[in-house]
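Pasting the structures here.
Next come two complexes, and both contain chain A; in the first it sits with chain B, in the second with chain C.
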Partner chain A sequence: MPRAHVDPDRLRRELESLLGARRVSMRDGDLDTYARDMWPRLLLARRDGQLPEHRPHAVVWPETQRELVALVKLARSLAIPVIPYGGGSGVCGGVVPLRGGITIDLKRMQAIRSVSRDEMVVDVEAGLSGERFERELRRRGYTFGNFPSSIYCSTVGGWLATRAAGQLSTKYGKVEDRVAGLTVITGRGELIETDGPSRAVRGPNWTQLLVGSEGTLGIIAAARLRLSTAPQLEIFRGFEFDDVAAGTEAIRRVLQRGLRPAVVRLYDELDTFINSLGKKAATGDHAGAPITTGYGAPHDLSAAPVPMPGEGALPVLPRPEPPADDGVVSRLLAIARGRRRGLHKEAVGLALDHAKLVNRIAGTVARRGCRMVIGLEGARIRTEVEAALTFAELAHAGGRDTGEEAGWAWLAHRYAVSYRMSPTFRDGAFVDTMEVASTWERLMDLYHSVRDAISQHAVVMAHFSHAYAEGCSIYFTFAAHADDLAGSRRLYDTIWRDGLEAVTRVGGTISHHHGVGLLKGPYMAGEHREGMAVLHGLKQSLDPDNLMNPGKLGMAAAPTGVPRKEAS
Partner chain B sequence: MNRDAFARELGVLVGDGNVQGVPVTAGEPPAWQVAPGSAAEVAEVVRRCNRDGVAVLPVGSGARPTRWKAVAERPRVHVAMRRMDHVVHLDETSLLVHVQAGLTGAGLEKVLVPRGLSLGDYPATMLGSTIGGMIAVRTPGKSSARHGFLEDAVLGVSAVLADGRSIHTRVAPRRATGPDLARALCGSEGTIGVITSVVLRIHLKAEARLLAAYVLPSFDAALAAAYLALREECQPAGLRVYDSAEARAHLGDELALAGPALDDDAALLLVATAGPTDLAVCDRDLVTSAVEAEGGAATDPRLADAWWKLRGGDPRQVPPPSLQVTATPSKLRAVYRAVRDAARDAGATARAHVSRFDAGGAVVFVTLVADGKPLDGARLDAVRATCEQAAGDAGGWLLGARPAQMDPYLAALRAELDPNGILNPGALS
Partner chain C sequence: MPRAHVDPDRLRRELESLLGARRVSMRDGDLDTYARDMWPRLLLARRDGQLPEHRPHAVVWPETQRELVALVKLARSLAIPVIPYGGGSGVCGGVVPLRGGITIDLKRMQAIRSVSRDEMVVDVEAGLSGERFERELRRRGYTFGNFPSSIYCSTVGGWLATRAAGQLSTKYGKVEDRVAGLTVITGRGELIETDGPSRAVRGPNWTQLLVGSEGTLGIIAAARLRLSTAPQLEIFRGFEFDDVAAGTEAIRRVLQRGLRPAVVRLYDELDTFINSLGKKAATGDHAGAPITTGYGAPHDLSAAPVPMPGEGALPVLPRPEPPADDGVVSRLLAIARGRRRGLHKEAVGLALDHAKLVNRIAGTVARRGCRMVIGLEGARIRTEVEAALTFAELAHAGGRDTGEEAGWAWLAHRYAVSYRMSPTFRDGAFVDTMEVASTWERLMDLYHSVRDAISQHAVVMAHFSHAYAEGCSIYFTFAAHADDLAGSRRLYDTIWRDGLEAVTRVGGTISHHHGVGLLKGPYMAGEHREGMAVLHGLKQSLDPDNLMNPGKLGMAAAPTGVPRKEAS
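Presenting the complex of A and B:
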């Protein structure tokens, strides 16, 4: 990838004249940090002590929209790229500066400018952390309703740039369903506002053409977002179904009757089985073993593992959504590693090297039904009525009520797992998640095809979450192991290739809410086909010089336009 | 360009019987109307037109006169979608329907209703339009408090680009694979591509439907009650607020039967709730509580029945509104008051109802009258202009508003996808 050429001294001088020396950095430490996000493929290299392949030329921390405009104009005049950067919690390599450039950290732009009770909207700057945003709204009696498990380390702007979803999306929708307008600095260096009641305005809906653009069309600087009244009532419950098909059918019936639980999650047989093992492990004779069992306090970040010097450990690994609710990955690995701590690294390797076998055995052992967690929240009266109708519908569809405890346990620990993936990487293995979606008609096809494709190479399990009247998303978690970095990367790429090709074959979408970044770029043509012409048209219109986060969303990194074949 | 040869070529592409000359005034370039029978034929026609720089203008049901502008200097082909009126696929499992662009909303309902399905609680008045037309042109009347803006029901769009390529946005409940490309076509008025088919969400027929009517002491109180209920998460299938004059004009007979005369200051709130019976009852009760909190009370339900019939296309004569203003929730009152005052200052009376509630706001429908009769002609134009000015100043959005800020970006997008500028050249510019 040709790195943009710029005289570093001149760049520093120009940037410092815009922002002052304190908000500009060209130090190695910062350039390394901003070279990546939480894409597991990059973390593999990191684990091996490799330096990032692509680093920005500079990192800056603007505080105003005027500074953002000036930065984009400067980048245009120097012909170097601009990469917007939020929390850095993305899992697809969306912020990797393929040609270098100026990485713009937006976290100093984090004001909540206004909350309107009449309109039920909030005007907020893009760099605000998700958790602080939601906390501020709750203090005023509202909720935005987006609760990704990355909420502690992702920003509002990052959510909008990737079309994020939170755990309660079944009621509140994904972020694109909640956005009323955007303030964007386009690649032309102009500030635009896409506000206004969309239905009253002629022409295409620009808000929806900018949401999910992952920084490739412009920088999302602020947004007007829809609010809901903070819930007055929360009702949670566990259910159990004979199998995945019965469980998904029940979800479909609930949604299509017009009922909107806040969350409904159905775990497949293997996931359910491993979870039950974990419970035994937690209360059983080897509770002291170093496997992840506990339910840390949900809002207590101190529960995250702290990397110890010399241990070769990764820092905490936040993810937009837990692979499962409470450390199932760790349990998966715990099975593999047995009880003997000293041997566990080898055991992990052994188990994951025979992924097919493990999948098959586990699949056979695991015929014990599927676990469901369902929760409703909202205004008191309506939520009560909806809950009664929902639980009755689930029972009617063959669900067995397993009581409130199962539901509340999920709620209490729903963020915990995000910070518990380091041990997996430390053990020489890797874990990743693939979140895909389809209409109900194709959902079982999607489930079986992707599961079969991945299980050739990795241990895989899945849960169904984010349900809609017309379909549902499936969240696959897979763990695998190879001997060295090259082997790990090869295996990693193969899993994704086979998985996503299976998705495209059955007519699903390759991403429900993690976004594209570098990871899924090569599969964008399969997803959109001729529609890519429209995406390229948008790019040409909003960013004619191809300087905004180049090489993402399956578009060319170089201005001359040789399509990128391989993720670097 | 050889006119006859071109017409013959069109005949080869879509069948001779489906090409007609369109009368033009002397000296104007020629125009034809073609009626392709498939997306492939649309693509052929567009590709052929692109080669000679002939303008392509999609026509929906053709029921409404289309005002072309800025295209008279070049030959043009009107692409009528009337033959493309099939349901391609009805997916009753996912509650989705894939329809060709030329099918009307009413035509679709004829297929859906016998199966216990429906497009949703959208206003019946819009159902006469073709699905392609409804999607291609964004106007505020296409909203429902329960199902939102019609455009949001679009899950996928197939369209032909200027160079004849066909795009099909993939159908999934939601995705995170870049911008929502279908939205480039929705509202594009045929300038980005010719929409050939659409995948739409549909709904199960509601298990129960309840109608209720309420009298409130003022228009403001009625709006306040509506928003109070909506904030308690009530999801009505229909919701309307009448001022007293408009209520008399629309529901006079029933009002006479219903007993107490409506004060001039009073307002009428009408609501339909639908869904599982318990939920429909719950939603109606939420409205009742909200109304009581605002000092109102339930009244004769026959008023609500009459409204629902009217909404469903009752043939009784209700004059079309003189103007429509969209406003966000906090601006509705101000817009209503501004229009009323402006009309009074111009020597007329404005009566109004508010309808099409959704998350973004609602639409104020205003009828201008003088001496008990709706205004028309030059007088109407003059008073309407004053009222529109007042409504805009009060923060309302007039029909057909367009943010000029995005014009250069739309122009660049069009230039990229349609370098010869053949797709509906006069629109959106």
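Presenting the complex of A and C:
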């Protein structure tokens, strides 16, 4: 795909006349930084000291919707692309400027414009950091309920552009379930407000059309999002099941009974085994943990109604430190989860070069069973009742209660994985994750097919999370190793090809919440088939010049906008 | 708008070669029947013996998706419109064939293809009657949870095409909240399956784009819908509040606390007053009613888990007969609710000709307060807990418990209103309903503004229902009278114009669940503004010849497809 042509001096002049010199950059350092996100395939090249293949022509930091409109109109007049950019934490290459253009960093648009107590919605600008967003809401007695592991380095707009899911999505839903309306600047430079202030019919729904469009139809500038009351009570617990089939069946029963734990995570045999290595016995040092008793007999229903937001929501309780994990084997294998830094390079290489062997451990350790972490939160009485019913259901389905600590330990570490990837790459290996989903009926087929496909090439483990009444997602983590960049890339591409082909074969979906970007573009047509015509029609209508983040979601990067079957 | 031109003999020949002679009709009786739905403005003309202004060229009854594709392709080749037709129970003129064409009745496509116990979804064809759909699901231990008052005469496809809501939407959601995927034949004759079998990211969401499109983008042929477990327990109760402001505030508190009653309905002062006339004192004849006690102290949480669908869901319990309503004034005024037939024509005219006077009753009877009906249903223990918390919240907000009978009486009559319109029209008056919505903040403003606007011309009462955490809908019922057809139409149009202008002025939405059709088309642009460009773009993409139900949702009926500001 040809890089868009533009006179750099003219571009700088035009951009600076819109934003001033301080909010425009064409410096090499900035262009390199904004050339990529956290897609591991790009990190491989960076580890090797290679410069980015595709860089934007310029990076800008607008502060108002008016400036966004002006930027899109300028880009159209110059016929160069526009790439919206949030936290840069994506893992699919969704922000790579395939034809150059103007990368628009939205992080200076981060106001919480209003929190409506009457309507329980928040009007927020797209560039706000996820962690700060949640912190500000908690201060007011609310939660948005979206807790991706990237929460410290992702933005609200990024969540919306990719249909993100947080760890507590089983209770709070994915982001698309919480959107009342969006403010979007289309590729035509038109500002559109979707859905307005109120629940409405009024024909097709623009909101869901733009959520998940990954910058290909327009720029999400602001959103109206639905809030929940901050929880009064959190209850965490561990369970253990004989195998993944028994564990997933238990989750299905809980969900289909209408129970909504905030989070339920079932780890497969290998993951459970690795986690169990080097674990200390319970040492009684958790006296500070919140103790919740009597789930079987909720009490005090005649008490005054629970406080409304702002009338006395409880502070967050202190959590116990997680048990230390100091086993030697654990340190070796934990590379696959990005947990440890400073591992000895050769040792890692040894493990990863014998991926099939390591994977086979799963077969021999199956008797150890599968670990489950489950958490519930919400208003006090209802949460206690829901926990009692949920735990009874899990026990009925063959689960063995392993106590509260197992649950709290997960909570303490829940964001860690997103910040442990770089050390792995320095060690000469790479690690990535593949989050797919299917209906319950196909779930075991999906698990075994994808696991078998990946384990030919890499150490692979998985957990089941983000459960729904009709199905569940599976989150595979894999680590592999090759001697040079070319070899690593080849291996990386092979793993993804074999994995996603397995997904398509059994009727799963290629992505649950990481988005599509460049990585999964080639598989869009296989999943959508005739439906791709709708996407091309929308693209034509909202972005006729194909300037909005071209080449993503399986659409053409070419300036002519001709549909193609496969992304590069 | 010019009627499409087609040679009738050729049309008949082509249609019969596709479907056979028995599933094609060009008989006058059929063309007259399919010329309209239940839009009161059309009923006015019919009462006067007028023939329909717009009739289809032909009516057909396809049985397969392949036939649907062939029909759309045939219509394109002949350049005549296609109008999908479900139960014909719409109240906005959505099926009126403005330019003639082929009206496709989908009621022969009514199979329940599968009910997946594993996934809790049902695959159902669009033409299935709503009542039969729900009955079949109950037999299997499930519910779809959509109970519009039209349930006996509307179809699943019609619900989806209009974003319908049922009476229990507060628990089960509107239909758009329950759709996992659609099978749609676009205006290009392409068959598209949206969303597939599993929860997925994959960019924009086609499903929500087609739900509510009212036949203007394609034909909904089948759907995959999410199921709930049939309730084990139903709890109904009546409450009374000082006024609508206190009552709506109570509803807001319940919803924002995360409680989800199946239904909450708050009747305004006039409605409450009329309902109270002629009401018998409780007579103790409700011994057969389900008695539910001890909400304040849920018990037996340690019991075995509740049965799964099919493992022993409870049969539906018998309901008490509602109290008779035999007051004289009630009979006079109940015309506004379509309750009584055979009213003396002059008496009705007298009341309706003094609409302002009757409306003023509301001011003088305000001390009587506002009636609320509330119902909860679901799994036994959780429903008991939720009822206890909900009733405590209502009491805390100033509600006075009026007992169970008030709730059960509503349930017994809940579908009645849809089948009592014709007698009203025979009496020389007309009655219609206007369902609007807004956020909580604007709700009282919306109520008073619309009520004031309509009450210049008609007797008007209202109830609040379909509540959400962020807002609520208001359902106005109005009745009026004029001496002749021209006068009635003028009055009818004036009421709607003044009412919807008031809605737009205060920032409400023009429709909550009846759809747009012809009636509200002129107000689409006022609400969507720049967003209409998206709809026009979609239309251009999926139906480039503007043959799919032309002239609806505020889009042009003209064959050229040029956007216009107002529908006829």
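Operating definition for what follows: the second predicted complex is superposed on the first by the 486 of 568 C-alpha atoms of A that agree within 3 Å, B and C clash if a C-alpha of one lies under 4 Å from a C-alpha of the other, contacts with A are read in each partner's own complex, and residues count from 1 in each chain.
Convention: a residue touches a chain if its C-beta (ideal position, glycine included) is under 8 Å from a C-beta of that chain, and two chains touch if they have at least 3 such contacts.
All of these numbers come straight from a predicted model, not from anything done at the bench.
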Touched partner set for A:H528, first chain B, second chain C, both or neither: both
Contacts of A:H396 with chain B and chain C, given as first, second, both or neither: second
First (chain B), second (chain C), both or neither touched by A:L553: both
Contacts of A:S116 with chain B and chain C, given as first, second, both or neither: both
Partner chain(s) touched by A:T143 [first = chain B, second = chain C, both, neither]: neither
Partner chain in contact with A:R253 - chain B first, chain C second, else both or neither: second
Overlap of the chain B and chain C footprints on chain A, listed as residue numbers: 116, 118-120, 162-163, 176, 180, 186, 192-194, 196-206, 208-214, 216-217, 226, 229, 252, 256-258, 378-379, 381-382, 385-386, 388-389, 437-441, 466, 468-471, 473, 507-516, 524, 527-531, 533-538, 540-542, 553
Parts of chain C lying in touch with chain A, wherever the complex brings them together: 116, 118-121, 162-163, 176, 180, 186, 188, 190-194, 196-214, 216-217, 226-229, 252-253, 256-258, 296-298, 301-302, 304-306, 308-309, 378-379, 381-382, 385-386, 388-389, 392-393, 396, 437-442, 466, 468-471, 473, 507-516, 524, 527-531, 533-538, 540-542, 553
Residue ranges of chain B in contact with chain A within the complex: 91, 93-96, 137-140, 142-143, 149, 151, 155, 161, 165-181, 183-189, 192, 201, 203-204, 207, 227, 231-234, 275-276, 278-279, 282-283, 285-286, 326-330, 358-361, 397-403, 405-406, 409-410, 412-413, 416-417, 428
Chain B contact footprint on chain A (complex, rising order): 116, 118-120, 162-165, 174, 176, 180, 186, 192-194, 196-206, 208-214, 216-217, 226, 229, 252, 256-259, 378-379, 381-383, 385-386, 388-389, 437-441, 466, 468-473, 507-516, 520, 524, 527-531, 533-538, 540-542, 544, 553-554
